[in-house]
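The data blocks that follow each hold one structure.
Next come two complexes, and both contain chain A; in the first it sits with chain B, in the second with chain C.
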Partner chain A sequence: MKILVVCGNGLGSSFMMSMNVQKAMKELNMEGTCSHTDLASAKTENADYYIGAPEIMDQLNDGNRKIISLVNMFSMDEIKKALTTHVLEGR
Partner chain B sequence: MLRLIMNDILGTPAILVGLFALIGLLLQKKAIAEVVSGTLKTIMGFIILGAGATVLVGALNLFGQMFEEAFHIKGIIPNNEAIVALAQETFGTETAMIMVFGMIVNILLARYTKFKYIFLTGHHTMFMACMLAAVLAASGIKGPLLVAIGSVILGALMVLMPALLQPYTRQITGSDDMAVGHFGSIGYFVSGTIGKYFGDKEKTTEEIKVPKSLGFLRDSSVALALTMALMFIIVAAFTGPTFIEKELSGGTNFIVFSLTQAITFAGGVYIVLAGVRMVIAEIVPAFKGIADKVVPNAKPALDCPVVFPFAPNAVIIGFLSSFVAGVVSMFILPIFGLAIIVPGLVPHFFTGAAAGVFGNATGGRRGAILGSLANGLIISFLPALLLPVLGSLGFNGTTFGDADFGIVGILLGNLLKLF
Partner chain C sequence: MLSEYLTSEMISFKESAENWEEAIKIASQPLLEQQFIEKEYIDTMISNVKEFGPYIVMVPGFAMPHARPENGVNKLGVSLLILGKETLFNDEKAASVFLVLAATDPESHLALLSELSSLLSNEENVARLAAARSESEVFTILKEESK
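And then the complex of A and B:
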């Protein structure tokens, strides 16, 4: 499974978020990889799930991509909860 | 042997950053496959960075020539990625050294002082390292002394800037768990302070309706291509078809030529961004890993968009106010005999938006508007005033965009003139 964390520039926030997502994946015993990129590249890169701030996710949401919006991007609790409901329970 | 190490290994910045990444990966006890791929990707990132510079430099020069022909004054595009990429040919080794030793100074300061901040915005660490290298070199300092001074200043800034903002950051986030670590801090601090004295935080921006349609500007390559296209075409209209088609484009229509050059510049920056992402991808996690172990109660200092979700309307209002101030400044700058700083959507979006959030937290709507206007003036005047202290790097038609690069560079450059 591949998770892609996205932000406007693909340098700062998405990078930090991806470090937390990786940590959360480990704690939840999830297999897979997580990388980060900018919005323009994300539109051409395939992933099983896309994670980012709501405004960024709005622009990626084309009805086909599985997106996960995070309001507080750096809260480990929110990341874990999102991964559990979206990925593990498949909602 | 010593010559090989000193000149060829440490003197080749791409190899040097690869070496740092290798050490970082080994310290984190990663598997051998990850160590190899991480090290190679870091080196490749640095090489991609240089390739991006080659792409954008041509467009940058052409813009400069057109601007001077049209207005008989220098026009400068403030873009951190562009200037850092261009600087790597001269200051690559120094940048890499200052970046890594600055991170070590950051960890030491966080460990032994009350400033528990760990500055995780890796690309800004790299850009500041580059700016410091350029200013110190322009003042005649070189070698180990340059690296030592640069690292101490960088490490200090990495804890002091988040600390300066923290009283306001706490008001935004309602907690003390994280900080903002972004070198636009002076603009946010001014915005927060203006909000505090001139605004009313009860009348928050979040009660008004703001159109969401500007959200596409979060896509920085789109925003950059759009700004550059507008600027190139406006300037081309003043330069006129005769000069452009005869001297620059080799006969291609001047509007078509300007449009392709504008997007070439944005394409170059996109390449540089990809390179920077690869360079910092292994170094920052190692830095964070070590900091987490060594510094108890460390507070992560994060990139500026971390505050955006706390006030989405202030983000749009802040960007617009900052951009208006940037456009107005364009007409004021030449009165003071300064180079014209072409306002960019990207710096005004990110730092204007963050300034809007800070201003809103302390002073509501009025705070957000006035604070971001001030930020817009700051990121127009400081980049212009920074040019003279950058030495030969200041002649490339681009400069550092965000506030702290300006204030630190100007103070340091002028201070060194006293010696």
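And then the complex of A and C:
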């Protein structure tokens, strides 16, 4: 499984968020990879799930991509909850 | 690491800002004065928010304005503005702590960001930063984190 963390520029926020997502994946015993990129590249990169701030996710949401929006990208609780509902339980 | 870049001349305090654009300008001033960035960088940070939305508000209350290295960065640096009152970005997002990031390439600032990330993953730290009213209070919070 591939998770792509996306932000506007692809060099700051998405990197920090991806560290937290990787930590959460480990704690949830999830298999898969997590990388980070900017919004423009994300539009042409395939991933099972796209994670990012709500504003960024709105621009990525074409109805086909599976997207996960995070309000506080540093809250481990929010990240774990989001991964559990969207990925593990597949809702 | 963070405390090496965030020296006292890079930190400013103000009671409030008229709007988020002004807050970004005030927060970036030390980087501009010390020639870490060109004016173009400030304009780009502002237009990025207009284009992508306020995703730079990473944690409620905390914003990290930034743009890309090619938008006018001369030297890796960070500056900090702490407002007494939160500034609204939209109906949902507001911030009183602004940490401007100026990166020269995609890698050299990552160690700095990992430290910032562990600082921000503790919500109490964000509240303490927002309540800080002097450089020395900021240094104390940063020092505790780098231990």
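Everything below uses one rule, namely that the second predicted complex is superposed on the first by the 91 of 91 C-alpha atoms of A that agree within 3 Å, B and C clash if a C-alpha of one lies under 4 Å from a C-alpha of the other, contacts with A are read in each partner's own complex, and residues count from 1 in each chain.
In this text, contacts are C-beta pairs under 8 Å (C-beta built on N, C-alpha and C of every residue); 3 or more make two chains touch, one makes a residue touch a chain.
Everything numeric here is computed off the predicted structure, so don't read it as measured data.
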- Query: Now for A:E55: first (chain B), second (chain C), both, or neither, which partner does it touch?
  - Reply: both
- Message: Is A:F15 touching anything from chain B or chain C once the two structures are fitted on A? First, second, both or neither.
- Response: both
- Is A:L28 in contact with chain B, with chain C, with both, or with neither (first, second, both, neither)? neither
- Item | Which superposed partner A:M1 touches (first chain B, second chain C, both, neither) | neither
- Message: Output check: A:A40 vs chain B and chain C. Expected answer is one of first, second, both, neither. What do you get?
- Response: first
- Task: Could you look at A:M76 and tell me whether it touches chain B, chain C, both or neither (first, second, both, neither)?
- Result: second
- Mind working out whether A:L88 is in touch with chain B, chain C, both or neither, as first, second, both or neither? neither
- Message: I'd like to check the shared interface: which positions of chain A are touched by both chain B and chain C across the two complexes?
- Response: 7-13, 15-16, 19, 39, 53-56, 58-59, 71-74
- Message: If we count contacts the way the header does, which residues on chain C are in touch with chain A in the complex?
- Response: 48, 51-56, 58-60, 64, 66-69, 101, 103, 106, 109-110, 113-114, 116-117, 120-121, 123
- Note on the structure: Within the complex, chain A is touched by chain B residues 120-124, 178, 182, 212, 215-216, 218-222, 270, 273-274, 276-277, 280-281, 284-285, 288, 300, 302-306, 308-309, 312, 349-350
- Message: For the complex, give me every residue of chain A touching chain B.
- Response: 7-13, 15-16, 19, 36-41, 53-56, 58-59, 71-74
- Spell out the part of chain A that touches chain C in their complex, as residue ranges. 7-13, 15-16, 19-20, 39, 52-56, 58-59, 71-76
